[in-house]
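Here come two complexes built around chain A, the first alongside chain B, the second alongside chain C.
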Partner chain A sequence: MQEITRDVLVNKASELMSAGTVDRVLGWMRGEFDYDITPAVFSTEEELKNNFVWNDFCGANFSKYLIRETQKSENKVLVFLKPCDTYSFNQLLTEHRFDREKVYAVGIPCNGMVDMTEIKKANEAIKAIEESGDSIVVKTLYDGDVTLDRADVLLERCKNCKSKKHVAYDELIGDDGEIIESARFDEVAKLEKMTADERYAFWQNELSRCIRCNACRDICPACTCEKCVFDNPNSGVENKAPADSFEEKMFHIIRAFHVAGRCTDCGECSRVCPQGIPLHLLNRKFISDINEFYGEYQAGSEVGNRAPIVNYTTEDLEPGEAVGRGGIDA
Partner chain B sequence: MQRIGVFVCHCGTNIAGTVDVKAVAEALKFEPGVVVSTDYQYMCSQAGQEMIKEAIIENKLTGIVVCSCSPRMHEATFRKTAAAAGLNPYMVEIANIREQCSWVHKDIPTGTEKAIILGKAAIAKVNLNAPLTPGESPVTKRALVIGGGIAGIQTALDIADAGFPVDIVETKPTIGGKMAQLDKTFPTLDCAACILTPKMVDVATNDKIRIFSYSEVSEVNGFVGNFDVTIKRRARYVKEDICTGCGLCTEKCPQKKVPNEFNLNMDNRRAIYIPFAQAVPKVATIDPESCTMLKTGKCGVCSKVCTVGAIDYNAKDEFITEKYGAIVVATGFNPISMDKFDEYAYSQSKDVITSLELERLMNAAGPTGGTLLRPSDGEHPHTIVFVQCVGSRCDSCAEKGKEYCSKICCMYTAKHAMLIRDKYPDTDVYVFYIDVRTPGKNFDEFYRRAVEEYGVHYIKGMVGKVSPEGGKLKVRASDLIDGKQLNIDADLVVLAAAIEPDKSARPLATMLTASMDTNDFFTEAHPKLRPVESPTAGVYLSGTCQGPKDIPETVSQAGAAASMVIALLCKDKLTGNPCVAHSDEMMCNGCSTCEKVCPYGAITYIDKEFRMPDRTTKVRRVAQVNEAVCQGCGACTVACMSGAMDLKGFTNKQIFAEVDAICK
Partner chain C sequence: MQMNEYKPLIVAFCCNWCSYAGADLAGNNRLSYPADVKIIRVPCSCRVNPMFILRAFQKGADGVIICGCHPGDCHYTSGNYYTRRRMALLFSMLEFLGIERERTRVEWVSAAEGAKFAETMNDFAETVAALGENKRLEDLRCKK
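And now, the complex of A and B:
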C-alpha cells in the first residue's frame, strides 16, 4: 500500500485547481480493470473526485506526457511525480522538450509499484485485487482469495529502486527519501560473465518474442523525437518486418543506442512490454559502462548536466582502454 | 536516375597484378545507373583523364566512379577532371581498390571479388549523390608557433620574414630550447650559442614576432584559417615590460640552493633567476616553489634591490585568447629518464652522466666554466667511457627504452670524444657502440676523424655493468670483434640517453586533434610527400616533435613548415568543404545534443514558428548549422537521435546504401 492516500492527492489537486494555479491535472484513472490503471488529464474537480486513482498499480511515468500537455494551453498543468519520474522530468528539461514554467510539479513518495504480470502468472481468473499493508489479496473466480507478499510481486525496477529522493518538484507531499545503493547492475554483471555466444543466445531468445508493438518506444520518456526514425521512411529502418532473425534485434539495438546516456533507468520499457522482455537490461549495460568508463553518472539527476558520451574531455579514456573492460571482449 | 560511368584503373601492376580489372569493369556494367564501364592502365595520366572527360561528355554522365587508389591520393585529381568536363566535382566517387584491396590481398579471385564489391558500394553511393558547391571562409593572417627551440625560432623567423605576425609560446622562461644548452655542434664544431643567440636576438627584435615565454597553450578551438587559442601566461612575479634584465636581484636573492635546471641540476641558482646570460626575453623569473617571500611572506629582497620596481609578488596566471590562421608544433624532445638503466649506475655515482650533462660540463657557461671536471670530486677525468644506444633501439618487448634510433647520438658522441681528445690529449676515450650510424653531409668524415686523427677507441659491443668502486667506475663490457670481455677502470661514464618527445606533446595533440604515433611523435599527413603537415588542416610540424633529428635537419624542416604556413596565410579566403551538416527542421527536437558534440561550435538554436496541418502554428526550438564554421566531421549526425542532422555528401542514406551494396 502507498503511504499517501488517494484523498490527499485529490484534495491537493482540487486546492491548486480552485486557487487557479493550474487548470489541468495529469493523474491516474481506472482502465478496464481495477489493476489496469491508465494516465488521464482531469480538468474539473468533479472528474478528480470521481475518477482519480492512486494505488499500487500507478506505475506510469507522466514526464513524457508533459511535452504534449504543455503545448495545449498557456496555463499550468499539475503533474504528480514519483521519485523515479523526477529524473525523466529533469532529463526532458535538459533536452528543452517542454516549458518548465507551464508545469506545477508535486512530488509524492512511492512504496514501489506492483507488477501485474507477476500476479497473473500465478493466478487465473482474477476478479479484483485488494491492497492491505504488506500484502496483496487477489480475489479469483475459482481459487477464492489468494494472499501474496507485496515485496514478492513488485516491479523489477521497484525491487531494485535506485532512489526515493525527488530531484525536481515545486511542492512535496510527505517526506523526501534517499538515493539507494541498489543491486540493479547484478543482472548486467551476469550477462557480462557470459561468453559472446551465450549472450547472443540469451538475447536471441528474449528478443525473438518481440512483436514490434512499439510500446517500449511509445512509453519511453527518452523517446520523444518529433519524428522517430522507425516512423520515417527516409531513415532506412522504418517499421521493417523482421525479414531475418537478426532484424528483430536491430530495433532494440538502435533504440538502446538512441537513449544511451539519456536513459534514467525508469524501467517503463520493461513494465509495458506485453512479451515480458527485460529491455531495461540493454539500457543498464550502457549505464554501467558509462559509470565504469567515465565515472558515476545519473541521467536527469539535475537539469543541464551533460552526459559523458556527449561531453568530450581530454581525460576521457582512449578507445583501446575500453577493450577487455566492462565485459567487452578483446 | 543517374547516368554513371565506371573507370577501373590498373595502376600498372599495382592493382592489375592482384585484381582482374577487366572482370571488375565487366561486372560493374550491370549495376543500377551504370551506362559505361571501362578499364585503363593509368587513369590518373593525361590520357586516362582525357578518356574520363570524353566519356562524361559523350554519354551525358551525371556521376562517375573511379576504381583506383586511395581518395587521399587522387580524389582531388578526378574531381578536377570531372569539373573540366562540366560535371559537379562532388558527383565523383572513388572505390579504393588498391590500398584496401590489391595491396592487402594475395590471390586474384579474392582481390577481384572485393574490388567488385567496393565498386558496387561506390556506385550505390553515387546514385544518391547530389551536386554540391563549396563555401568560403576567411583566413586570420597570424601564425602560432608552439615551442621556442631552434625549430620554433627558425619557423617563426621565416614566417615573420614573409610579413606575417607570429607568436611563439614557450613553457620555459626563455626561448632557445635544447640548443641553448649545447656546447659545440657537429660536424663543424662551431659553438651552439654563437649561432643560436643571434637568431634569438632576431626573434626578440623582430616587430612581427611576439614571445609568450613561461606560457603554455591551454585550449584550442576552431579550424584551419580560424583557430582560437587560449594561452596561459604563468605568473613570473616580474613585470616583463619593466624588467631590464640587469640581474641584480638574481645576485642578491638569499635563497641560493635551488637546483639549476638549465645546468641539469649540476649547480644551483637563486629563487629569482635568469636561466642564462643570453636569455630571450632577458627578464628575471621567480620560482614560486623556492621563493621565501611567496611561500612565507617574509623576505622581499629582490623587490628592494630592483631599481625599476619590476617585482610583483601578487602576479596571477593570465589567460589570453588570440586568433590564428595556422599553428606550428615545435615542442621538441627530452632525454629519457635513466631510472630504468641502473646497470650503468647512473643513480649510484655522480660520475655517470648523460651526454646532455656532458654538454653543460664542457660549456664555458656551464657549472665548471668549461673545464671538464668530474662532478664527484672536481678532478680531471683520465679515462672516459661513452655508452651508445642507452634506451635507443631496444627490443619492442623490453620494458625499458625505445624501439627507434635516436639518430643524433653517434654524431654527438664522436664530437664529444674528439673535443676531449683535442683539449685533454692525456685522456683515454672509449666508445662502446652497436653500430655507428653517420649518414649525412660530412658526417662519416667527421666520425672517421675521431677514430683516425684523434685516436678515440671505438669498440663494437655493449657495456654490461658499471660499478662504482674506490673512486673509480669499473666498466665491464664486451668487445664483439675481438670476442673478449673488457674491464676498464673509468673516471667518467657518459650515457647516450635516447630522446623522447616532450611530455607536453600528447595533451597538445589532443587539443589540436593532431595524431601521434605510439612513441608520441606527431604523425605527418604523408611520411614522404607531406612531411611537415599534420593530418589536421592548418597544423604543421617542426623539429623533433615529429621524430628524432639533428640541428641541420630541424632547421630545414622548420623552414619547410614556415613555407607551408606562408602559403596558407597568403590566401584571403579558403575554399570550404561543401560536405557540411544541415538540419531538417521538421524533424529536429531541439534537444541540444548536436550542439554538445560539435567540436567547432557550428550549431546554434532558434525558436521557429511552424504551421501545423490543422492550420495552427507551433513554436519549436530547432538547430541551425553555420556552414562556414562546420568542418563536416559528422559528429552531430551520429549524435542526432531522430536523424534530423545529416551530412551533405555523406548522408545517412548514402552510407546505408554503401553498406547494403557491400552486404548484398
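And now, the complex of A and C:
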C-alpha cells in the first residue's frame, strides 16, 4: 500500500487547477483491469474525481510524456513524479527535451510498485486485486482469495530501489527520502562470473523470446528520437525474424548503447516487456562499466551533467583492456 | 591447397588520415596482409557507429577491427578519444553477451606505420581464423 492516499493527490491537483497554476494533469487512470493502470491527461476536476487512480500499480514514469504534453499548450501541466521518475525528468531537461517553465512537478513518495507478472505466477485467473498494508489480496476465479506478501511481488527495480530522494520538484508531498545503497548490480556481477558459453546461453534464452514489439524503446524516457534507426524499412531487421529460435541481439545491444550514459536505471524497459526479458541488465551493465572505467556517474542526478560517453580524458583505458577483466573467463 | 579452406571475412574500419594511409604505405612497401581484410575508409575512427560493427557481423563478417590515429594525434583533435570510450563499452557489452572477445579489436596505426598495419592485420586474421565462423552475431535476414 502506498504511503499517501489517492485523495491527497486528487485534492492537490484540483487545488492547483482551480487556482489556475495548471490547466491539465498528467496522472494515472484505470485501464481494462484493476492492475492495468494507464497514464492519462486530466483536464477537468470532474475527471480527476472520477478517474484518477493512485495505487501499487502506478509504475508508469511520466517524464517522457512531458515532451509531447508541453508542446500542446502554453499553460502549465501538472505532473506527479515518484523519486525514480525525477532522475529521468532531470535527464530530459539536460537534453533540452521540454520546457521546464511549462511544467509544475509535484514529488510524491513511493513505497515501490507491484509487478503484475509476479502476481500472475502465483495465480493466473485474477478477478480483482486489493491492497491491505504489507500484503496483496488477489481475488481469483477458482481458488478464492490468495494473499501474497507485497515485498515478494515488487517490480525488480523497486526491490533494488536506488533512491527515495527526489532530485527535482516544485512541490513535495510528504517527506523526502534518502539515496539507497542498493544491490542492483549483483545480477550483472553474477553474469560476469559465468563463462562466455553460459552467458551466451543465458542471453540466447532470454532474447529469443523477444517479439520486437518495441515497447522497451517506446517507453524509455531516454529514447526520445523523433526518428529511430530501427524503423528503417530497408534495414532488414525492422521486424521480428520469422523463426522461433532467433534472438534480436543487435536490436538489444544498440537499444542499450543508445541510452548508455543517459539511462537513469528507471527500469521501465523491463516493466513493460510483455515477454519478461530482463532488459535492465543490459543497461546496468553499461552503468556498472561506466562507473568502473570513468568514475561513479548517476544520469539525471543534476541538470546539466555531462555524460561520460560524450566526454573523455587522455588517460582512458584501451578497449582491449575493457574486456577479460576480473571474474570474466578467457 | 585445399579448395574449400576456411578464410575469415574481416572488416577493417580505417581512419582517412592515419590508418588508411598506413595501409597505403604497407602496399607501397610490398608488405603482404590477408586479402580477406576488407578496408572501409572512414573520416575518423569516431565515425564508426557501434551499429556499423554489429551490421558487419550480421551480414557475415567474422571479425571487425577499427584502426585510428594514435590517441593525441587525431586529425580532428579528439575523435579517437571518443572512439576509445565507445568501443571499450561496446566490447565489454559484447563480452557480456557471450560473444568471443577476439572478434573485435581497436588498434592505433599511424600513417608511418605500414609495417604495423600489415602485422596487425596478419595477426588479427590469424586470431579470427582460429575462432572459426561467426555464428553468434550473424543474422540470416541480412545475409545475401
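A few points about this structure:
We take it that the second predicted complex is superposed on the first by the 298 of 330 C-alpha atoms of A that agree within 3 Å, B and C clash if a C-alpha of one lies under 4 Å from a C-alpha of the other, contacts with A are read in each partner's own complex, and residues count from 1 in each chain.
Heads up, the rule we're going with is that contacts are C-beta pairs under 8 Å (C-beta built on N, C-alpha and C of every residue); 3 or more make two chains touch, one makes a residue touch a chain.
Since we're looking at a predicted model, the values are computed, not measured.
In the superposition on chain A, A:F33 contacts neither chain B nor chain C. In the superposition on chain A, A:R199 makes contact with chain C only, while chain B stays out of contact range.
Of the two partner chains placed by superposition, only chain B is touched by A:R97; chain C is not. Of the two partner chains, chain B is the only one that A:N234 touches; chain C does not reach it. One of chain B and chain C touches more residues of chain A, and that partner is C.
By the touch criterion defined above, A:I253 lies against chain C but remains apart from chain B after alignment on the C-alpha atoms of chain A.
Touching of chain A by both chain B and chain C, each in its own complex, is seen for residues 229, 236, 310-312, 314.
Residues 50-51, 54-55, 57-58, 71-72, 78, 81-82, 84-101, 104-106, 136-137, 139-142 of chain C are the ones touching chain A in the complex. Across the interface of their complex, chain B is touched by residues 71, 94-97, 224-229, 232, 234-236, 258, 306, 310-312, 314 of chain A.
Contact residues of chain A toward chain C in the complex are 188, 191-192, 196-204, 229, 236-237, 241, 243, 246, 249-250, 253-254, 256-257, 260, 282, 285-286, 289-290, 293-294, 308-314, 316-324, 328. Taken in their complex, chain B has these residues touching chain A: 507, 510-511, 586-593, 596-597, 599, 605, 618, 620-621, 639, 641-644, 652-653, 656.
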